[in-house]
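The same chain A turns up in both complexes below, where it pairs with chain B and then with chain C.
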Partner chain A sequence: MHMNYIKTAVIAVLLLVLFLIPQIATTYTTSVALNILMWIGMATSWLILAGFTGYISLGHGAFLGIGAYFVASYWQILPLPILILLSGIVCVFVAAIVGYPVLRVKGPYFVILTLGLSEFVKYSLIYYEVNIRGTVGRILLKTPSIEDLYYWILVICLLSIATAYLIKRSRFGLALMSVKDDEEVAEALGVNAALVKWKAFAISAFFPGMIGAVMAMRWTYIDPYTVFNPMMSFQVTIMAFLGGIAYLHGPIIGATMLTLLSQYLWARYPNFYMFALGVILIFVVMFLPQGLAGLISNMKLPVLLNKYKVENKSLTKEK
Partner chain B sequence: MILQGEKLTKYFAGILAVADVDMSLGENEVLGIMGPNGAGKTTLFNLLSGYYRPTKGSVTLLQNNITNCKPYQIVQMGLARTFQLVRPFQELTVLQNVMVGSIFGPEKTVSMSEGKNKAMDVLDFVELSHRAQALGKTLNIQERKRLEIARALASNPRVLLLDEVLAGLTPTESQKAVGLIKKIRKEKKLSIIMVEHVMKALMELSDRLVVLNYGRKIAEGTPDEVIQEKEVIKAYLGEKTSA
Partner chain C sequence: MALLQVNSLSVYYNGIQVLWDASFTVEKGSITALVGSNSSGKSTTMNTVVGLLKPASGSIIFQEEEITGLGVYQRVERGICLVPEGRRIFPHLTVKENLEIGSYVQRCRRDMHYSLEWVYDLFPRLKERNKQAAGTLSGGEQQMLAIGRGLMSKPTLLMLDEPSIGLAPVIVNLLFELIVGINNKGVTILIVEQNLQKTLQIAQKVYVLETGKIVAEGRGEELLDCEDIKKAYLGM
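Now for the complex of A and B:
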């Protein structure tokens, strides 16, 4: 119980700080915080499919691109909240259509397929822009202030965390976790694996769609090469793994650390960031399969063991 | 009849695994399936539980034709199975393992709390409730077998398919498992089909036996009748040659 109070207090303080940042901090700090929140939203929504079902998607960034392009296409035509919401909904539909056949593919084939599909979307869009519209890239004028955009991202980010949290504790979450562990057995016990994977994919696409919408207004200029850059998807995946995909707070830790690292490195040693990203990925895969969150929860173990030693002397003797 | 297989035939890339097998299962009956290695026992199981589509033939469960149903639909219609190689969900707790069965197995929607209570009851029944919070991967083989049965029971099945639940157990453990199957029989209203290599247990538990060899049904009847059959003796011991 005691721990729960501390937890609630910490979360309340964090939320308060996050809420106050645009009011008290400099524009630079606000923009860094906005970036962190954006990546947390991306990585947490990625977790809803990849973390819960084990279907690792390398196409999550594509939904961000779709959201961004949707906003650019209807900019100043539709009111802002509707535009953002619709960007998410469009991505849900895209995921539902694409996911139906794609989710039948398993293991590494699924990973490659998601990567291929997002590249396919990118090049189709480039073709459309160049050959039909005659331009590449779009400019958004009269975008909202960074403070306004910050609050939009904050809301989307918190929404994605809340969604992941609620799913994890629901029957739907149990079905997803059983599919991750052993899809065939899950089906033998009555889980409609194809359906729950499909739902998870569609839900996880909702958030990057909305994030893309907001980020397009932040960037004010978008082109397919940047918003459909596969690095987006890679980064989301690396963040989630760095933090630990078995934990809800894993992507939050991973996204925060990597975004801060990239801010620091881009400013001082440009190009070094990509190198660092590669090294981190190798390190995490080899030495930290549970991620930082796993490391933290394992660190509690020695404390517990010490307690046990005091209570149980026979164990101390053996040692 | 609760479950009926008619003219079940399965080819794998031209190789005949099960040929023209008719079988049926009555209310509260225990049907044993025996046969030497490669006789088609597990294939027959997979045909009944929807893992394979038969090349020919049909399966009827409680008057419904389930030949083309998916495994998850078949469970919800009342037929649960265990796997020969036990497969607990490794990263889920024992309780969560059974909850998957108690929540998604029944046809109606079951809430988390309802499913949890049901799962605890089943864990009590198979005497595994003391391990409820342990992760699936930490169980020993005997506990895994019990968990496998518990998950299947949690869906409230009318038919339970047990695929070699005794294999890999020591004689004492095996004795306990036989006790558990007897208890299921006595206390739950369901019919059982079991595939087993341990002849003694099959003889003891089954009301009726079906013997397969090379994918064909070569004998059927009460345990006492079946072991008298020449075909059965031949299949197990080989033909007598003049020495």
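Now for the complex of A and C:
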């Protein structure tokens, strides 16, 4: 019981701080916080398919690109909230159309296929932009202030965490996790594996679509090479693995740490970030297969908590 | 009355025909066994009945309704359940979560808690360990969990694929008692087993498979008495 109170209190304080940041912090801090929230939203929504079912997607960044381009295409035509919401919905539809055939492919082939598909989207768009529209990029004028964008990202990020949390606790989530452990047996028990994977994929695409929409307004200039950069997808995957994909707080930890690291390195040692990313990936795969969250839950914390619980019990008995 | 009727089923696996024109019936309330040497097509037969494999020809009739074209989940919805070979529990899920997946289909959701109590009654060990990751159970416990998970779907037809494989002899005896117990509760059982002595004792009807064909059939005790069949196909 005590632990739950502490947990709730910590979360409440965190939320309050997150809510107050644009009011009290400098613009620089706000922009760093915005970046962190954006990556948390990306990594957590990635987890809904990849973490729960084990279908590792290297195409999650493509939805961000689609969201960004959707906003650029309808900029100042539709009102802002509708624009953001529609960007997410468009991505859900794209995922639903692409997902049905793609999710029948398993294992490493699925990973490669998602990467290939996102590159396909990128080059199709480049072709369209250059040859049909005759442009290389898009500029967005009169975008909202960074404080406004911060609140949009905060809401989307919290929404993706809440969604992942609710799914994980639901029967649907259990079905996804059974698919991860043994897809054939899950089917033999009556789980319609094709359907649940498809739903998870469509849901997970909703959030990067909206994040892309907001980030396009933040960047104010977008072109296919940057918003469809496969590094986006790689980073999301590395963040999730660094934090631990078996845990809901894994991507949150991973995204926060890597974003802070990149802020630090870009400012002092530019170009070193990519190198660090590679080293971290190797380290995580070799020594931390369960990520930082796994490390925490395997080591000190439970021991300390148990100790605390035992002492607490004996105290109440004496009374 | 026949609960399950399989008519001239032919199945290919990776381009090779592994089942040839197999026909058999499972009477309602019975224990029916498929026996035969390794790779004689027993598991293939079960996987085809539950729908994991699609037959090239033939038909499967369950409760007087053709189910040959249905998806696996639709068959589970109608009361067919397979407990696969090698237990295949979900190692990273808890014991309780494994059981909950067992009643995933619509028909079983409402009664999940009753089913859970029933399974915990049958296997008190599972209740003790309900919050433990299933991968940490012993081999015998994992087999109990696999059967319990199957029972969670309240099956009319429970198919057990090699349930005694890799278990200690004491546990095997327990397992067969348990299977008879489940059958007495009205669950029809189709079983594939290596342990012939025990299987022939509990099965009312036995089909002998040899390289994908059904070569003999009879009552369990009949086959135990028939020296020719025992020698030729069962290696006894």
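Following the convention adopted for this analysis, the second predicted complex is superposed on the first by the 300 of 319 C-alpha atoms of A that agree within 3 Å, B and C clash if a C-alpha of one lies under 4 Å from a C-alpha of the other, contacts with A are read in each partner's own complex, and residues count from 1 in each chain.
Note that in this section a contact is a pair of C-beta atoms (placed from the backbone, for glycine too) under 8 Å apart; a residue touches a chain by one contact, two chains touch by 3 or more.
If you're wondering where the values come from, they're calculated on a predicted model, not measured in any experiment.
In the overlay built on the shared chain, the residue A:190 is in contact with chain B and with chain C. In the overlay built on the shared chain, the residue A:170 is in contact with chain B alone; chain C does not reach it.
Of the two partner chains placed by the overlay, chain B and chain C both lie in contact with A:182. Shared contact residues on chain A (touching chain B in one structure, chain C in the other): 171, 174-175, 177-178, 180-182, 184-192, 246. Chain C meets chain A in the complex at residues 50, 52, 71-73, 76-77, 81-82, 84, 88, 90-93, 97, 100-102, 104-105, 109, 149-150, 153.
Looking at the complex, you find that chain B touches chain A at residues 49, 51, 70-72, 75-76, 80-81, 83, 87, 89-92, 96, 99-101, 103-106, 110-112, 115, 136, 151-152, 154-155.
Interface residues of chain A, counted against chain C in their complex, comprise 171, 174-175, 177-178, 180-182, 184-192, 246. Those residues of chain A that touch chain B in the complex are listed here as 169-171, 174-175, 177-178, 180-182, 184-193, 246.
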